[in-house]
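To keep things simple, chains are lettered A, B, C, D, E, F, G and H as they appear, and every chain counts its residues starting from 1.
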Amino acid sequence: MNLTSIRIRTAAATLAALAVVGGVTVSQTPAMADPGAPAVVQTNVLSADAALKIADAVQKEAAKQKQRVTVAIVDRSGATRLILKGDGAGPQTEESARRKAFTAVSFGQPTSALSKNQALAAIPGTLLLAGGIPVASGGSPIAGIGVGGAPSGDIDEALAQAGLKAVQGQLG
Amino acid sequence: MNLTSIRIRTAAATLAALAVVGGVTVSQTPAMADPGAPAVVQTNVLSADAALKIADAVQKEAAKQKQRVTVAIVDRSGATRLILKGDGAGPQTEESARRKAFTAVSFGQPTSALSKNQALAAIPGTLLLAGGIPVASGGSPIAGIGVGGAPSGDIDEALAQAGLKAVQGQLG
Amino acid sequence: MNLTSIRIRTAAATLAALAVVGGVTVSQTPAMADPGAPAVVQTNVLSADAALKIADAVQKEAAKQKQRVTVAIVDRSGATRLILKGDGAGPQTEESARRKAFTAVSFGQPTSALSKNQALAAIPGTLLLAGGIPVASGGSPIAGIGVGGAPSGDIDEALAQAGLKAVQGQLG
Amino acid sequence: MNLTSIRIRTAAATLAALAVVGGVTVSQTPAMADPGAPAVVQTNVLSADAALKIADAVQKEAAKQKQRVTVAIVDRSGATRLILKGDGAGPQTEESARRKAFTAVSFGQPTSALSKNQALAAIPGTLLLAGGIPVASGGSPIAGIGVGGAPSGDIDEALAQAGLKAVQGQLG
Amino acid sequence: MNLTSIRIRTAAATLAALAVVGGVTVSQTPAMADPGAPAVVQTNVLSADAALKIADAVQKEAAKQKQRVTVAIVDRSGATRLILKGDGAGPQTEESARRKAFTAVSFGQPTSALSKNQALAAIPGTLLLAGGIPVASGGSPIAGIGVGGAPSGDIDEALAQAGLKAVQGQLG
Amino acid sequence: MNLTSIRIRTAAATLAALAVVGGVTVSQTPAMADPGAPAVVQTNVLSADAALKIADAVQKEAAKQKQRVTVAIVDRSGATRLILKGDGAGPQTEESARRKAFTAVSFGQPTSALSKNQALAAIPGTLLLAGGIPVASGGSPIAGIGVGGAPSGDIDEALAQAGLKAVQGQLG
Amino acid sequence: MNLTSIRIRTAAATLAALAVVGGVTVSQTPAMADPGAPAVVQTNVLSADAALKIADAVQKEAAKQKQRVTVAIVDRSGATRLILKGDGAGPQTEESARRKAFTAVSFGQPTSALSKNQALAAIPGTLLLAGGIPVASGGSPIAGIGVGGAPSGDIDEALAQAGLKAVQGQLG
Amino acid sequence: MNLTSIRIRTAAATLAALAVVGGVTVSQTPAMADPGAPAVVQTNVLSADAALKIADAVQKEAAKQKQRVTVAIVDRSGATRLILKGDGAGPQTEESARRKAFTAVSFGQPTSALSKNQALAAIPGTLLLAGGIPVASGGSPIAGIGVGGAPSGDIDEALAQAGLKAVQGQLG
């Protein structure tokens, strides 16, 4: 059986039987033992279209609440997907939003929940302040949304949630 | 005629009803919904002339108090506006002064006040030691002044205040 | 006549007669000579709303042309205003788009025109490949749009132009 | 038709009819215009198992040719997938191998071919020396293999090819 | 004949009386006083072959435990020897694994033991979370293995131990 | 004669007879051979007062010529002494001015003269564009002045010269 | 004749009344007010000869105590004066030694004393672990010696002291 | 014959007959095929004692020639072994000396010879200016000596050679 057919089955009905974690279909064939093991795995990635909708929703909600914030979206690979600095947002918000998003997608939890585990703060790229939430698809984190700039992390998190809500129905 | 009215007329007449925060006239028109929304907002920025006056005043006061310090001024955009390393100031002062200034303009408060909120210290670029103060215009932070090098943060802050005083009357 | 009155006239009808460059009304009063010199200058900044419209237009045009690109918008201060990485855009595109935008707003010209002057390539943050164009308001650059990822810089530049077109009428 | 069914067809026989580029199934629905547009796209990623096989094959071939090299594998996201520094490989090889891999996956071509286009060398993260080759699946680059340390780039490239050969049959 | 005697003969017969520490035969001849002091010392380094075996064993054990992790191996010189990012491992794992490995080889102890001494966390490059263990040869650390990505550091450390076990018999 | 007396003569009238280079009185006693060799050398450093005068003069001249520039002053140690970003100066000017100043003080020549030797451009921190000039005292470079932002390097250099002129009489 | 009188004569006769701090003769003339203020101040710098002696003494003492350490010497300007990595010293020692030296010369105190003031640890470049000591001349810090690699900071500090002792008599 | 015996012979008289490259005895056993393959290889490293002698000799020769230079020594691992900044050496010399040393040990040739191959200049960490030379032992590069600061690379290289000469007899 070749790779292509494996992927077909993965994406179709048998998917539930596989260990699908982190947006990735993980081969469980022992490494280096099986010459027929698949060389390709499929990963779910947030679309650019969805990223734009999230950013738009965050900024609209921020305008309603008269908050000046930056919103960032980071992929499960750690790559920046989107940055949008709102009008008048402070100079610290690009990096704080990006790190909140990075942290949320890394650990698959909101940064507000993670802030209880301060040991994680030593890992480069993380920021354990409220305002970062994961975007999940198929039960696994595929991206993180981070918002920075409001006077409290609770507000930042609420704005991030407003962004997530804009695409929640299309995440599968 | 004061500055606020100038900005109002510039951006077009209907801007008078908008919230002006952070030195920025924020459009509240929902993003992407109104094709006529303004594409340009006006931001107040500290002048180079004022930056030089602040630095001069800080160094004069430092000389009086026999302190060897560096003074930094950072814009609301996060860009460095001025660095002046005083005679004999330590090698750590350029970065400590710059970060104090960055922190003060980011949060619109003196770093001495912010130091109670140590969670903010995890945000890249910040430094929660006394010696950084915001420069406000129209009720919003437009720059930060940071001073580093004195034996205590209180002295650094007093020197920063001496710098602010030199331009306070011209901030509008 | 003092500086304040100059700024008033600047913001009003006589603006065209003043030396307004770089989105900034430059005081011509000799520095440190006039205690009444203004401490604040006004700068035009692209709105977040406009940034989002530009990004949306770039990605729509890219989809039409089946190009996978990243679009970046950088302020005249050098701060990132927007990053949007398109579906399937290469890993090099975030930085190439950002640098094209930085270069265009720095020099007020398209990067395709600047590429004739390779000496500028040595300045940190610049990239002299086609695909970056300035956004001007009042005759001065207030932002740069950079696009990266298409097989040729000409296509990148055309996509950036599509973005600019979306807000051209609102730049004043 | 919902998203899941799209993905199924993509992975099966109709794939050729879709615009599949860069290891990504690109939605062609105009951004922000269609509320039902998919929020998730699927990306092919090289498996860790395959990465290990590639590294093993490169080092075995290097041992045969008595070359001391480092092999690197970089994802289409730009993230490092694998680094293996061979015995006695020089200190420059980690970064040269990584950048060759990054360049090959960015542009979907061997670095030996790209070296004719020196303008690309200005893009951060790239290295236009022979020794980097793309790994393609479904007609699109999903990773890059980079080898550094041999006396000539031709040898580095041959070693990279030996690595690719080890998984070529499983790439689909 | 064991390894120690090999090293002794290599450096010349009189070396047997010297202290061998840290994988290095340290000359105790006072510096700059003895023109005949050896200019070369021999250091034990983990082989690339062993590095690959460790990585393979870690990933196999991780697959068994359904963990998605990255494994890193760092030399006593601080150079990266191996990085292997497992399928679906989070974006934070490359750097967390690398730093755990760096920390373990720097101090010659597991990071789980070092985490009691938080003062060390201020040293650049370190990470005091469980998951890093030293690889010793001749009583001295010659490399560090770091694993990141499991929900707890204990699991990361167990995976690292599985890697070490794969080469333990060949370390001399 | 011991070191102390050497320094005395250096500081007094006979300075011309000594090997005084780079703002430093170099001991010619063979290293490590003479236990009485001096542990301290004296270096001339530009005063903060002079730095401020230079910056003020540069900006005044720039205002006259309607140029928007940044001026930087770098010590012979490589440390930043002053940065002043003029109103409306581009985002690239802080780093271009700083590097021009660094280059001029490193090589003791104007960057316009050094630009003929492009091999130097590979040294980190340098920039071989006109606009950087050394500040000499006692025949050696003690600082560099760099100006960036004018449409041509010739203008940048002329502005730097205007700054130097302001303190030329006090350099000894 | 002592050093102070030398410096007095150098800078002109009126300097005797000035405060000499930090190895620098600070002008107290109000900035920008006195056109005759000196543009040059003299700074004491540790000689390369002394740096080499310190490093030699540290390594000799380390050999006696069978410690594998790195020694670093940093100028008051913050520039690295010397790095010497001992045989078998860990990979973390270059940076830990450098930062201890930087910290000691910045604050003019041993890092063991400074470690009581953990707020300083937030300043970039500092490290508040024992092992860094200042080198003073004329009552002011002119350099810092940092040692890293011993099992405890107390030993590191003792080794640094052994280095300082080697030049103490020549510091003036 | 197994690997262990190979190492034994390597360390004894037959070393010349083996493929010993880069200061490393390379195992030629195919990776991952032989469970008994050695996990440890031995590497020759320049001693700290020799590094100090080289630095001393370079600075003595520089003093003779009245040159103000920095000397750097870098290991085959890429780690800094020694930095010594001479009195009055320019701020660019630390990094230029370090990179020349890095380049020489990476490619096993003097940087003056490598400068004919400018393609290598794109590899991070390299500098293709004369003044870097390799230190070889057993026919392989174990370190690089780099000198920067003289008016021409030829002089820098001659000074590096003076350093090498000081330990040439003890390199084995």
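Before moving on, here are some points about what is shown:
As a working rule, contacts are C-beta pairs under 8 Å (C-beta built on N, C-alpha and C of every residue); 3 or more make two chains touch, one makes a residue touch a chain.
All values derive from a computational prediction rather than experimental measurement.
Counted as hops between touching chains, the shortest connection from chain C to chain E is 2. Listed by label, the chains that touch chain E and also chain H are D, G.
Where touching is counted per the definition, the chains common to chain F and chain G are B, H.
By count of C-beta pairs in contact, A-D exceeds the other of the chain pairs A-D and A-E. Between the Cα centres of chain D and chain F there is a gap of 47 Å.
Chain C and chain D have Cα centroids separated by 33 Å.
Rounded to whole angstrom, the centroid-to-centroid distance between chain B and chain F, based on C-alpha atoms, equals 29 Å. Annotation for chain G: residues 24, 27, 31-32, 41, 43, 45, 47-49, 52, 56, 59, 75, 77-79, 87, 91 touch two or more other chains.
In summary, the structure contains touching chain pairs A-B, A-C, A-D, A-E, B-C, B-F, B-G, C-D, C-F, D-E, D-H, E-G, E-H, F-G, F-H, G-H. Contact residues of chain D toward chain A in the complex are 2-4, 7-8, 10-12, 24, 27, 29, 31-32, 36-50, 52-53, 56, 75, 77-79, 137, 142, 167, 170-172. Chain H contributes residues 56, 59-60, 63, 66, 68, 87-92, 95-96, 99, 121, 127-129, 148 to its touches with chain F in the complex. For chain E in complex with chain D, the residues that touch the partner chain are 45, 47-49, 51-52, 55-56, 59, 79-87, 91, 94.
Remark: chain C residues 19, 21-24, 26-32, 41, 43, 74-79, 102-103, 105-107, 119-120, 122-126, 140 touch chain F in the complex.
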